[in-house]
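Two complexes are shown next, each including chain A; its partner changes from chain B in the first to chain C in the second.
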Partner chain A sequence: MVFTSFEFIIFFLSLSIFYFSISIKYRWKLLLISSLFFYGLIKPIFILILLFISITIYLGSILFEKIHFEKYKFYSFIIILLITIAPLLFFKYFNSINQYILTFFERAPSKNILSNSWLILPIGISYYTFMAVGYITDVYNEKIKAEKNLFMVMLFISFFPLVMSGPIERAEKMFDQFRNKLFFDYKKVIYGFQMILWGMFLKLVLADNLSLFLNPIFENINYSSGKTILLAISLYPFQIYGDLGGYSLLAIGFSSILGVHVRINFKRPFFSTSMSNFWRRWHISLISWITDYIYTPITFFLRKNGLFGIILSLLLTFLIAGLWHDATLPFVIWGLIQGVVLSLEAITKSSRLKIFNKNSLNNNIFFKVCCSILVYFIFSFSLIFGGPFESLNECLFVIEKIFLNNESFSFSKIELLKLIILISLVLFLEFKQEYYPEKLKLFRNKNLLIRWISYLSIILFIVLLGVFSNDNFIYFQF
Partner chain B sequence: MTKNSVLVKLTNIFREIFNDREIVINNKTTAQDIDNWDSLTHMLLISKIEEEFEIKFKLKELNNLNNVGNLVEIINTKI
Partner chain C sequence: MKINSKFFKKLFFFTLISFISIECSIRIFKLTNDIPQREIDENGLQTYVVNQTGYFNNNLWKVNEYGFIGLKDVNHDNQILIIGDSMIENIMNPIECNLGYYIKNQMKEKYGVFEIGRSGMTLIEAMEFKKKYETIIKPKKIIVFINENDVEESISEISRLSDRLQISIKSGDLEKVKIKYPVLKKILYNIKTIYYLYIKGYFSVNFLKFQTNKKVMETNYEKLEKFFTILKLNYDLEKVTFLINSNDPNIELIESALKKNKLIKFKTLENWFVKGDGHWNCLGHKNVSNLIVERLNNIYAN
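Here is the complex of A and B:
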């Protein structure tokens, strides 16, 4: 039951009516029951994983507060951490490891070992595992106190708007909201509807139309010309943005209606002026989680090595980020590309800043847009490895074809024109928000008529151009 | 060492790490207030503070830092 489906809208509407008709003190319990029901619909047995992780981190966090001897506390933290991430590691990497074993044994006489891919990755397991890891680490670091109510921990892990694909939230913020803030707030409800509307547009109109155009090209690279593949790769970041960015807005919107504020996950990423700036705007909740729980410990450990330590930390962090997407060579290369580009930026940072200040480039919109275009193409290029192609051979074949194949474009020009208009619309609105936030307000205009014209235009776009047959989200697979 | 003298010494370290002789810090200063103070330069700063004050931080202590005032308090408990 995905957020864009009719079933979900019915589920959410009935839940909301019941939710606001009961006393505020029971609302979090209703949220827990609906969240377990929602996740159980995917596969009832998957609820056991949510329960297992919830109980582990609930007991673990209480244990940390009982142990006063630092060394024992550290050991118990490591054990609880390993138990918490065990289901993720098992479901995520068992198939890959099994695949490697199969490939190895195919060369040997006997093939009678485990069949391939018998495990299905429980949707969202990465996201709720990351939230669980964040929680126990924060309790271990004495940043927050252990939650004494197991069911509250369960709700934090299973909260249905976030369970399938984030945004990855922090316990500190969520417990307080679940306990004290689940009241009806007109402003939050309106904000929620606005986010849902724009999220539906990004997903159903932008991402799914791009997917109809791009998937056939990616699936038939043998028959597509080099220029066609180049164009497809150049458009692909918009598909992911529409898909995950749209999903995130839907999650934020549905949460907001229920009274829960959830952090934004994307902040106009295509207007980033450097790669490090890009990673502060793209999949923000994941990157901030990675910064706090992976990058910071690594860089702390390597801090005596100066700039070299930071570069090594960046490379290791993005290597882990790549491996998290998938334990394959292309994703390792994707991670390394990000790590290398960020390292180069770190090395040249102070000299770049000096040049920018000297030539007053920091406030030059033209210069900033040029930087954004460069960042966009670096990111697009990296997606050859971190995107639709499965094997390294395919990725290399794609690069070779882009550079060496001179055949002309082979696709519907009208379809492309439609996509370019949609992308231009998104870019125009984001350009306005980025550089002229106070001008031409649409959803937040004080004039009721302009607000409603904006809402109705987006609805019209969704009805006329939305793709309603695709119920898949790219980031569910991670 | 008084809190003020810690702050004076810290100011010099900040000026060196961020390559800006005009930086002025106080207890309420946060990473938002100083250009270039991000996750990349943060650990260079921490390492330099450890070296200058001859102390060692715990990761746990750094995770709970909110502003320069917190930093001064932690340094004071260690010198």
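Here is the complex of A and C:
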């Protein structure tokens, strides 16, 4: 049951009516029941994983508060951490490791005791595991107190708008909201509707139309020309943006209607002026989680090594990020590309700043747009490894084809024109928000007529150009 | 509570405006197909309400005075009657792509063609239509198209479908027919927004899932055999030739039940179908009509 489906709209409408008609003190309990129901619809047995993780972190966090010896506390933290991430490691990497073992011993898959395809990755397991890890780490570091109500912890882990694909939220913020803020807030509801509208547009209109155009090219790279593949790779960031960005907005929107504020996950990433700036705008909740729970501890550990320590931390962090996507060589390379580019930026930071200041480039919009284009193409190129191609051979074949194959474009020009118009519309609106936020306000215009015309235009775009038969979200696989 | 009522009033008003805008846009840009309304006669035969017109895939359709949207030649010396389901009805293509058109063109207007095509027609209903129109049209030859599931759906003991004409092979009687959800259908076809979202796949609900293919055939072999015995007893098949896909799961049974020379078999290719639809396109119709013409020429040559 994905957020864009008819079934979900019915589910959410019924839930909202019931939710606001009961007393505020019971609302979080209703949220817990509906969240477990929602997740159980994917496969009822997956609820057990949610419960296992919830109980583990609940008991673990209470244990941390009871242990006063730092050494024992640390050991128990490591044990609880390993138990918490065990389901993720098992479900996510078992198939890959099994495959490597099969290849290493040159055994046919059928001869192995465990077939390499019997496991299905429970949707969202990465996201709620990350939230759980964040919670126990914060309790261990005494940033927050352990939650005494197991069911509240369960709700934090299973909260249905976030359970399948994030944004990855922090316990501190969520517990407080579940306890005290689940009331009908007109502003939050309107904000929620706005987010849902724009999210639907990004997903159903932008991402799904792009997927209709790009997927056949990616699935038939042998028959596509180099120029066609280059164009497809160049457009692919917009598909991911529409897909994950759209999904995140839907999650934010539905949460907001229920009274729960969730952080934004994307902030106009295609207007980033550097790669480090890009990673502060793209999949923000994941990157901030990685920064707090992976990058910062590594940097702290390597603090005596100065710039070299920072570079090593960056490389290691993005290597882990790549491995999180998939334990394959292309994703390792993708992580390394990000790490290397960020390291180069870190090394040249002070000299670049000097040049920018000297030539007054910091406020030059033309210069900023040029930087954004450069960042965009670096990111697109990295997606050859961190994108639709499964093996390293395929990625290398794609690069070879882009540079050596001179055949002309082979796709529907009308479809491409439609996509360019859609992308231009998104870019125009984000450009305006980025550089002229006070001009031509649409959703937040004080004039009701302009606001409603804006809503209506987006609705018409969704209904007339949306693709409704696609139930896939790219990031469900992670 | 004050905020709630203000909000709900606004929400209701905005939803109404949105709905009207979407409905207007769909109608202006003709984004949905028009579906003709049906009526049912005393024998349980379903035809379309006469004199309706509309567009399907931007092709104009008109319901004739007999309640069908195909060719309606009558009083021709060499009359051919073609009966079948949506493949014969061919609402998704221009009428110039109907089997009858191609046959007439190829036979240089030597024949008049009357087409009885309606989506969801079972084989038993096709035979009932044959019985009824044989006396009116007086055809020299009758072509009956058997689509996949048309045989199974004719037998109420396999699966009772109250909106289709079926026969009980136990009693040999025809079952009563009623049009399913007539009001709901009327609403659905008239509120274009809902219909548009439905055809775009937004409501991923399959209203009619019939258990198909070999599995049905294997478990119901005796029933299917008995059905063909009843068919041969109750209907005069002298002038009838059956048109059937050679990959039909029932092909062996049909071949053994009916005489082989009573069958025109065809094999479809991928490019015979309308994009995103299981129906033949103009090329498909043309190729099938070639086979019919070939058979007609053979019959008349002998």
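Assorted remarks:
Please note the rule applied: the second predicted complex is superposed on the first by the 470 of 478 C-alpha atoms of A that agree within 3 Å, B and C clash if a C-alpha of one lies under 4 Å from a C-alpha of the other, contacts with A are read in each partner's own complex, and residues count from 1 in each chain.
As a convention for this text, contacts are C-beta pairs under 8 Å (C-beta built on N, C-alpha and C of every residue); 3 or more make two chains touch, one makes a residue touch a chain.
This is a predicted model, so every value here is computed, not measured.
Within the superposed three-chain model, A:I421 lies out of touch with both chain B and chain C [touch as defined at top]. By the document's definition of touching, neither partner reaches A:I120: not chain B, not chain C. Contacts of A:K304 after superposition on the shared chain: chain B is touched, whereas chain C is not. Once the two complexes are laid over each other on the shared chain, residue contacts for A:F468 go to chain C alone; chain B is not touched. Once the two complexes are overlaid on the shared chain, A:F184 sits against chain C while remaining clear of chain B. Legend: residue contacts after superposition of the two complexes on their common chain; A:I78 is shown touching neither chain B nor chain C. Contacts of A:F6 after superposition: chain C is touched, whereas chain B is not reached. Once chain A of one complex is fitted onto chain A of the other, the partner contacts of A:T296 are limited to chain B, with no touch recorded for chain C. Interface of chain B with chain A (complex): residues 19, 35-36, 38-40, 43-44, 46-47, 50, 59-60, 62-64.
In the complex of the two chains, the chain A residues touching chain B come out as 140-143, 276, 291-292, 295-297, 299-300, 303-304, 306-307, 309-310, 313-314, 346, 349-350, 353. The residues of chain C lying in touch with chain A in their complex are 3-4, 6-7, 14, 17-18, 21-22, 25, 29, 31, 193, 196-197, 200-204.
For chain A in complex with chain C, the touching residues are 5-7, 20, 184, 186, 189, 452, 455-456, 459-460, 463-464, 466, 468-469, 471.
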